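Labels A, B and C are assigned to the chains in the order they are written; within every chain, residues are numbered from 1.
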Amino acid sequence: MDMITIPAVNMTPILPEIFLSVLAMALLLINVFIPSGQKSYLGYISFVGVVAAGVLVGAGWGAPVESFSGSVVQDNFATFFKIIFLLSAGLAILISDQYMEREGCNHGELYPLILFTVVGMMLMAAGTDLMTIFLGLEVMSVALYVLAGFNRANLKSNEAGLKYFLLGSFSTGFLLYGMALTYGATGTTRIAKIAAIVGQMTVPSANIMLVAGMLLMLTGFAFKVAAAPFHMWTPDVYEGAPTPMTAFMSAGPKAAGFAALLRIFLVALPTLQVEWSQLLWVLAVLTMTVGNITALRQDNIKRMLAYSSIAHAGYALVGFAAGNGTGAAGILFYMLSYTFMNIGAFAVIILIGKKGEANGTVMDFAGLGFKQPALAVAMSVFLFSLAGIPPTAGFIGKFYLFSSAVQKGYIWLAVIGVLNSAASVYYYLRVMVYMYMKEPTEDFEWTRITPPIALSLLISVAGTLIPGIVPSVILQFAEQAVKLI
Amino acid sequence: MMADPHLLTILVFFPLAGCLLVLPVWKRPAAARPLALGVMTGELLLALWLYASWQGLAALKPILPGYLLVEDAPWIGAFGIRYTLGLDGISLLMVMLTAFSFCVALAVSWRAIGEKVGLFLALLLAMETGIMGVFLALDLALFYLFWEVMLIPMFFLIGIWGHGRHIYSTVKFFLFTMFGSLLMLLAIIALHLLHAQQSGVATFGLHQLIATRLPAGTQLWLFGAFFLAFAIKFPLFPLHTWLPDAHTDAPTAGSVILAGLLLKTGSYGLLRFGYPLFPQAAQTLTPLFYTLAIAGIIYASLVAFAQEDMKRLIAYSSIGHMGYVAIGIAAWQPVALSGSIIQMANHGVTTGALFAMVGMLDERAHTREIGAFGGLWGKIPLWSFFFLLFSMASVGLPGLNNFVGEFLVLSGTFTKSPLAAGLAFTGIVLTLVYTVRLVQEVVFQTERKPLPLADLDRREICLLALLALLVILMGVHPAPLLDLIHGPVKILVGGAP
Amino acid sequence: MENLNSYLIVSAILFSIGTIGVLTRKNAIVIFMCIELMLNAVNLTFVALSRHLGNLDGQIFVFFVMTVAAAEAAVGLALMIAFYNNKESIDVEDINIMKW
């Protein structure tokens, strides 16, 4: 047995995490003293906190710094993902306020929970040890279960929370078992050491324990990023959860899942790439196709976007299957742009919705184009981006991902990808058809746009259009971020 | 190129700037209409000025041989995508056609569009930017960007201001074109990567990519993807089914643009990108191309004969006319190719005029049913006169514009493939049959329904007179246009520029 | 070595029992207990491997898993109570207002 040595601890790499945790706990305490009509202030404070954390994270761009004897690292890869998480959290906080007031929720606890989720996601991206990644994943998940079921009075939300909890912890079991077997095969949980040991094996694919561990970890993460055939929970949870949380869940946690996947598979198991990239090939095709085909016949817009988010995970998996630098950078870019376009679309859905999650179908968008032109234009931008039509970020992202597949020689994967993309255009267009080409069915009652949600729309539109027209800067960041991997 | 005042950038983005100007006043037609008119006229004047000075520009010898003006700047460094625009004789002809067609579209919708006028004009202007971009881009990624961007305004144009089953038509139109163009995007990416592998240079520039050496099989696949995208736009039989629907249900301005310009982007893309990039593959597929084009001509003519809706009839005649353009490209021979290019411009003018005229009739009678009219010669003689003129032009009457294009195409093709030329010639006879039927039923028959019709007003007369002048001018004196495209055509056919 | 294998086999069996339980049982609490069984099967694997490999990483991992499982239990039971308040049932067959 080793002697236990207390390692030298450098706190700077996890400074943002510490800051956010302390802030979240403080908010929980403050929440007690704030009267129920004024919980929005907690939202404003946490938004400022997220921005501050963003500054802290951004300051860490540059050479990697390891800490906690190599179980956490502050590198550009982690930093890029942390920015995505903070963006998704910041936007989710901005769009929550109006929704929660309308639904009559006591939303004081919402904001600390969002912050805890972010802490978990950040640990997932920064973790270089299976233990840290697991811990981050669970901090994120436990908070997310509550967020999905946050609207306690609403049965749909209850169902979403419970379902998410049961299936989420079920998938955690698989992930953990996979980690255990990987540990058994290599004798360590450090990602760098796993890579070294697996690299020394003559035929790593002959090591049954290692391969089983890899498969189980892949299954666990496939659940988390909602890849088919492990996607069944997604539509229900996304439909039932409070809309701002659906927006959040489809952006941040999904990106976190990809961060951990990329870190584990590209850094720890590159020698098994032949094996896992074939699996991912199949997984990507299934995920894209199932997501898009099912989305075609949805009338509930949240459910439609849930299936579309499955499809988008599939596009990201295309880049992952390619497993090269282009693919990884493509995933980073795509997750960033998806955060903007998807949360933006959900913000519009919140504004269309009525109390008790009413007005949630595609038909309820009828006539929006001329009643609320600015909002409809914003929605069109998001939808065109989701459909991957230039000049939007969604197009550049898909361009990136599909070129990585072509580069790798997976021509058919890319062909299936673009065909899927063409099919997806149909259901995005359908919303636009209702917005611009149909008359509103009943008297169009308009809820007012509050400043926070207006700000979130503004940020989302900018984040969708600007990278579509001048993507160079973000592309450079993404490429630097994956250089170490 | 020191003194280059970014003319091409202005040419592309001036309409977009106009669009942004129109948007704030979109609820006030009285302000939006003159603004849009000003922008479109300005654009036309710029295009005409470029035409007037093309020989001077050619003497300056810019970076790329055969081009009059070139602009080049880095855009997305990570992929090697550059902002490259280039103007040669062919693009200049297309640019003039574009600027002109948009003026026509604006004129025909001056009163026809009564609702949401500002938005309509903004979309027209946005589309003008997209189409200009398609005709000028020399970087494949940039080309693809404009190619997609021009679809979006068209989607709304048909969807919002269309009639009949307009939503079905516009979604069909969008999905068809998206489907083809996405595969082309993959082919573009693949070509880019193959080139990068060979030369180590990441580029999407047309003139760099032409140098890529490709194995025959790969070339065939890539050309197939390009061909599919362009054939859908063209539209070649059997990929044409979106066109009659889109034309029938589109507002008149939409039909004018669709027939005049969007179809041309398909043929332009094929001759600018498809053939030069993949010459061997194009050679291999030539028989198929001929077959589809001739099948299209004959099929479209037969179907046109059975149409009752005038707009639908003209839409089918469009497919037929574009078939000649296709044959001329398939022959890939200087005379035939010049004919094709001239025919592209001719068809834009003639068919645009016919759509505009049917639109005018529809505004008055609220029907386009052939059976509803008859004896219009006696009732609205001016309209009837112009309709007769444009119909004759469309048939290819010597002295009018289409004759020049078709004659060049057929005589050029004859040297390559007498069979194809012969079969295509029968198409002309068929065209004659259905056009004569149309004119006979609408203009000459005795009146069938007493419709209260007013003859053309001054705005309409001006517009049609201008179009008629063009039809005649291009018919009797096509030499200046042929001179304009002569150089670029020789470069195209002669191999890599 | 034989020792390790038997531990691994036992934990694999436990894990499978848990998995099958999750897939077949109807009561949310029982499902949750099955998930706990899965987690504990993994714990057993970790401890056995840790002992066999002679390093402590696996045992440390087990502490994390236990802590996390406790937190999950707290949240999960709370969610079940909220659901029960609305629906008077925790049978997963009753989680049905949306399509599964």
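Just so we're on the same page, a contact is a pair of C-beta atoms (placed from the backbone, for glycine too) under 8 Å apart; a residue touches a chain by one contact, two chains touch by 3 or more.
These figures come from a predicted structure and were not determined experimentally.
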| item | value |
| --- | --- |
| Touch-based graph of the chains, sorted into line, ring, star, complete or other | line |
| Geometric centre: closest chain by C-alpha means | A |
| Whole-Å gap separating chain A and chain C, where each centre is the average of the chain's CA atoms | 25 |
| Intercentroid distance (Cα basis), chain B paired with chain A, Å | 43 |
| Averaged-CA centre spacing for the pair chain C and chain B, given as whole angstrom | 65 |
| Two or more partner chains touched - positions in chain C | none |
| Of chain B, residues touching chain A in the complex | 26, 75-79, 116, 144-145, 148-149, 151-152, 155-156, 159-160, 166-167, 170-171, 174-175, 178-179, 182-183, 185-186, 189-190, 192-193 |
| Of all residues in chain A, those that touch chain C in their complex | 1-2, 4, 130-131, 134-135, 138, 142, 145-146, 149, 152-153, 155-156, 158-163, 165-166, 169-170, 172-173, 176-177, 179-181, 183-184, 187-189, 232, 235-236, 239-240 |
| Residue numbers on chain A that touch chain B, as the complex places them | 370, 373, 384, 389-391, 395-396, 399, 402-403, 406-407, 411, 414-415, 418-419, 421-422, 425-426, 429, 432-433, 436-437, 471-472, 475-476, 479 |
| Of all residues in chain C, those that touch chain A in their complex | 8, 15, 18-19, 22, 28, 31-32, 35, 38-39, 41-42, 45-46, 49, 52-58, 60-61, 64-65, 68, 71-72, 75-76, 78-80, 82-83, 85-87, 92, 95, 97-100 |
